[in-house]
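Dropping the structures in below, format is structure tokens.
Okay, so chain A shows up in both of these, paired with chain B first and chain C after.
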Partner chain A sequence: MSPGSADPTRVPAVVVGAGPAGMAAAVALAETGVPVTVLDSYPHPGGQYHRPRAVGPGAGRAGVVAAPTGAGTGTGDDPTVAAFRHHLAVGTVHLRSSTTVWSASAEEGGCTLRLTTGTDPAAGTAAHAAADPDRDAALLHAEVVIIATGATDRVLPFPGWDLPGVCTAGGAQALLKGQGIRVGTRAVVAGSGPFLLPVAAALAEAGTTVAAVAEAQHAAVIARAAPRIAGHLDVVTEGLGYARVLARHRVPVRHATAVTAAAGDGRVEEVTLQRLDEQWRPVPGTEQRVAVDAACVSFGFVPQVGLPALLGCALTSDPVWGDPVVAVDSHQHTCVDRVFAAGESTGVGGAAVAVEEGALAGLAAAHALGAIDVGALRDRGAPHRRSRARKQAFAATLGRMYRRGDGWVHWLADDTLICRCEEVDHASVRHAVTALGAVDQRSVKLTTRCGMGRCQARMCGDAVAALVAHHSGAPADDRAALSTPTVLAPVRLRELAALSPEYEEP
Partner chain B sequence: MSRLPATADAVVIGAGIVGAACADALAAAGRSVAVLERHALTGGTTAAGEGNLLVSDKEPGPELDLALLANRGWTTLGAALADDGVDIELEAKGGLMVATTDAGRDAIDALAERQRAAGVVVEQVAAEDAHRFEPHLTRELTAASYYPQDQQVQPVKAVAALLERARGHGATFHPATRVTGLHHGRDGRLTGVATERGTVGTEVVVNAAGLWSAEVAELAGVHLPIRPRRGQILVTEPLPRLVHRKVYDADYVGTIAADPAEAALSAVIEGTRAGTILIGSSRELVGLDRNPNWDLLARMAARAIDLFPVLAEVRLLRTYLGFRPYPPDHLPVIGEDHRIPGLFHATGHEGAGIGLAPATARLIAAAVTGQRAPIDPSPFAVDRPGLLAGEEAARAGT
Partner chain C sequence: MPARDQRGAAPDPTDLRVTPPAEGSGPVRGDDGPHGGRGTPFTFRHDGRTVTAYPGETIGAALLAAGVRALRPSGFDARPRGLFCGIGACFDCLVTVDGDGPVRACLAAAAPDTEVEVHDVPRQR
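Right, the complex of A and B next:
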């Protein structure tokens, strides 16, 4: 540790991400006396879950949720947020907002993180970070790194999903919470997972007519796992709360139903709701057209594992969702020395799990730095470990309730775009797989450009993997074994060049 | 993705650009061909390249002869495929070699003179006129020469098109089919290829496995000194065309033959039809390490900005790296292995495999069918002095 070091590019501990897991990790580390640098790509800390709310319709309505991160009714009086604010105020935690790790490597004695500032790549808006040139180096060497990069909405393509007015449930919520903007006056909220309910409730409370909530999962599948959540009274109560809001606004909630198409002239004007069988194949003859000016569609969350993969952390397949997640031990330690991970990047479990994992990662990182001994690690970690186990079990139950079927590929038309960045349609992907012999995700990308664009397959990767499996008849790729992008966010060439000692600004 | 045939006139191992071109040439010559690929198409070097079809970077000699033959081959192939409505993004965009130092100017001029004598078209361009070719090029040049024969292709599309054409002539393609053994009879001649999915009886095997060609040779019990030499490329966001041709730093030519133990770099900058700008290139002998070398990448970006100051504000979208199949004497290995009758190698093209593929395929087809080769194939033979002996010398030295 070198807290008094003059070199601002060398720090003992970096936490990447200031959502629930990242804040909890920073707090735990700071409380052991380790100075912490927190990097976050958004202008304000809190992540999607604690996104600052605008004043406006629906504002101020808060509840404590244990739904997946992003279910987002987190509050300012949350103990993690309060402790984080305290450490910011006293300077034991240094937050670099609007700062994105665009590349990283693990080396002997720590990690090098390469940073870009000033934009918010996820939201695509300019951010205004307070410039602090001494401390805002473009390069950071950290002795320990805690990855808390969270998750993004899972998007499955359907005909018309690229029309303006179609967005993710998370996007609709971010607009509402962040800027007080409603996505439309008449909307459907569709996809799968418990997150649909708070989004639909928030939209309804904000004055949007929610024509329907369409949950793809069959009610019977959800009900089968339901007894296991009976013990989690807080969550049940919260769910009932949303149900009451939806009932008050007369919002119908339909199970085994999906938006299988959206149509409109220049923007979405109507969606097709259709029944699904147990494998999520659309049932012919059950189509129903609904006039809307917005459709919010998400199928749960995809963990963000670009950074850990770059650092060489082993990924594993999430046992519930099948997504690649960071493999960690009971101390949230990845397979790379002094690199820890917490929250959704280790498996989607919600904010409640994330804060426990964050606290454990922070303690383990403090131990790795020699700030606490093994006894303190054990004692301080004990309550967090108990909560983590209980909450992880709950998250796994939710996962079983909402496990997705693979029949959704049947709602794709030939000309449905799969990759929006490069405008690659379903027929092109199918042709690549069946005619060209592109039987893995990489060769589909190479033959079609699918996933080569700005988002680097973050949006379409999941769908492409499913399509390769579907059209080749082979089991799905081991996505955890796929090579990951080396550039996590676009960066100016001069920022890269500046890493070379010989470079002179033109 | 048909079932493995029980027999074939020829088996091609590897569905990169060289394998696809060989399959196409052999199928067109009336042979029944099965293409075996361990992964999917272009799983190795092919997809990691820029699609360069260059004559400009070669000194006079056998490789330049091969490149000139291949260059005409690409033009013919592109036209034939276009007639069938298949687009492989072939562009005769030309290359511009530029220098920013006096030494670079002398090197450019001398190279141009030697290449002209060997049949390359080179136009001398006054340094102050270079921006007519490339408006965004730095004005601080000392020399430039223009190579109108240099072309570009989208290599993955080219492989897909060649494989599809080969299938039109009856060839079969088998992805996810790893070769596990090469059978031969008592007389030493090849009799078949064993795979994870069954055996194909054949007397002709074309080893176009690139990076894995040494492993394939090993299956036949013979040594082939092909090693991976790593390269990295920067890819920018898509933009309206800023760079119209291929633009090379003058020392690009020197880099290829440079001391292989050193990491070498030399700027190669070009725009693609997709709108992205590709910035190469580097050469490193680091085995199959996939961790990017950010120091090298930073230097590549710096040099690219030197040549095109406008690039400073352009965003990097991704980087990728690949491994070139590298022989110790820088010449591809093309022809029948004197040690194993029936085993033909088509490998070791290092970074020039895409450019050299059509000519390689013609030499292989000539060797397999017993026709006369369009150029002298002996410099590329497995038993040439520089290859196996060179490897032994290199081993003895270490």
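Right, the complex of A and C next:
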């Protein structure tokens, strides 16, 4: 809250998410003199990229990470993190950690955000309510809102993917960086995309035997695009660094290979590695069983667009991935007045893109509030616009390098779970499409409950869209039209009741 | 490297806890032993057994380090589930704490002397 403000629930600017995009946006806004409130779901700022160590010396400092690696995960010197820390220290940025927006609406003159505090409703109210009176505010009215909600791991289902020990590569990285805990003693890292390498390297450095890195994409497809990324020396150098770590630990990196099944008694004990053809269809007869106690899987990232959808921001389909992403103009402005978006929610591009988009969103928000004039908006934004264009182009190239084939659906068995929450299997989804006339993700959900559970299709939505296209023979539907949740996070009845003026704490 | 005993003994290959590098604020209590730098351990109860945790650890991390991978049975088919997304998005790792919850074990901090229980809520199709 800004000191001296009459009503602590009314603030000029709210940034949702304290990852690279959110931190850059908050810094840009704060530097124009606008007091900024940053909301973040986690106990410490930094997001997934700058995930702080939660355990041991330096715990809680954004950018101080626990991963004991030389593999490029140290982010303590990051200029965005440093600037954000400075603004936190001098009070120009106010951070509300462990705070999640569960509902929001856009009105004349701004947005109303309804908040739940605590990493979980039960843990939160008890732990934080007394410590900070600001935390009692379950409601915020903001004149401008910047959405920087990031992304979650994209995982494609396979037989046994719900066994304990199978986890997302991002989850394994979070455990290692945040908690200093290895996900297993012997693991495979599988899926597709450049993110597999740092996760495998970090696990290997931490002492886990990485039996294989399985990259689904064919090496030839990646090599074809390689000349276009050769100019981005920093990224190439980073990639080579991971490759060196993996070579030192004798970790085999296999292309055109996927984990097509996991098996075990109550937990993963072995995975099946299998060759893929150019369309990512598993090649029969190439199965190889590998004993592991962990399988870390990632096929890139899925943008989190629940909040912008709820605020009425138009979504569009990502040109590379097909995911619903927030539509923004060159100022990161959404179609809703005074609502901006930056980072992965506008299309996955990585932290380097996110900080440029965040800075531009912050400047545009400052201009919307009258804190800077149009000349300052243009001049201060110019370097960020140039950098954004260059980095976005690079991210798109990278996306095309790892564009997935449609053949992965052939590694699904009939009884493979698609929706983990509602336990809907592949045969049920296929039946909905081929026999019940389901034509899109929404009608599959209404006929099977697929995507209706606690995760709200965060884990399965992408796979369901692909399955509808596969089984109907029709091109993938426009998923941008289908993603309007009503509630963004589980909320306790007492938190709902507390919004009523008549409510008294029992 | 895996958790390395400060006295130079060979690390236990099954120990999933990695010793944090000595960075930042210098030595803290509990600096000796295989988990040096993590602070002073405490315990909580899970499903009838005592589990050790260190300050800042989540319930899910402490349980994983204790060898507990299956955290709850799924509602319909009672299939075992554990930590999956690790960042609070998938809701697979639900547990109850002192009868309250469910909370996500990947996010909720472990606390001394709490009773963490399996979130077992059967559902019917």
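Quick note on the criterion: the second predicted complex is superposed on the first by the 459 of 506 C-alpha atoms of A that agree within 3 Å, B and C clash if a C-alpha of one lies under 4 Å from a C-alpha of the other, contacts with A are read in each partner's own complex, and residues count from 1 in each chain.
Just so we're on the same page, a contact is a pair of C-beta atoms (placed from the backbone, for glycine too) under 8 Å apart; a residue touches a chain by one contact, two chains touch by 3 or more.
Since the model is a prediction, treat every value here as computed from it, not as a measurement.
In the superposition on chain A, contact of A:Arg454 is made with both chain B and chain C.
Once the two complexes are overlaid on the shared chain, A:Thr152 sits against chain C while remaining clear of chain B.
In the superposition on chain A, A:Thr32 makes contact with neither chain B nor chain C. For chain A, the partner that touches more of its residues is C, with chain B and chain C as the two candidates. After overlaying the two complexes on the shared chain, residue contacts for A:Glu423 are found with chain C alone; chain B is out of touch.
Contacts of A:Val166 after superposition: chain C is touched, whereas chain B is not reached.
Look at A:Gly207: by the touch rule set out above, it reaches chain C but stays clear of chain B. When the two structures are aligned on the shared chain, A:Thr272 is found in touch with neither chain B nor chain C.
Legend: residue contacts after superposition of the two complexes on their common chain; A:Thr486 is shown touching chain B, with no touch to chain C. The contact surfaces that chain B and chain C form on chain A in the two complexes overlap at residues 422, 453-454. Residues of chain A that touch chain C in their complex: 41-43, 48, 53-61, 64, 66, 68, 119-120, 122-123, 152-153, 162-168, 170-172, 174-176, 179-185, 205-207, 266-267, 420-423, 453-455, 458-459.
Residues of chain A touching chain B in their complex: 103, 105, 114, 312, 422, 434-440, 442-443, 446-447, 449, 452-454, 456, 472, 474, 483, 485-487, 490-494, 496-500, 502-503, 505-506. For chain B in complex with chain A, the touching residues are 1, 15, 37, 39-43, 47, 156-157, 160, 163-164, 173, 175-176, 234, 236-238, 274, 290-292, 294-295, 297-299, 301-302, 304-306, 309, 311-320. Considering their complex, residues 1-3, 11, 13-14, 16-28, 37-39, 54-58, 61, 64-65, 69-71, 74-77, 79-92, 97, 100-104, 106-109 of chain C touch chain A.
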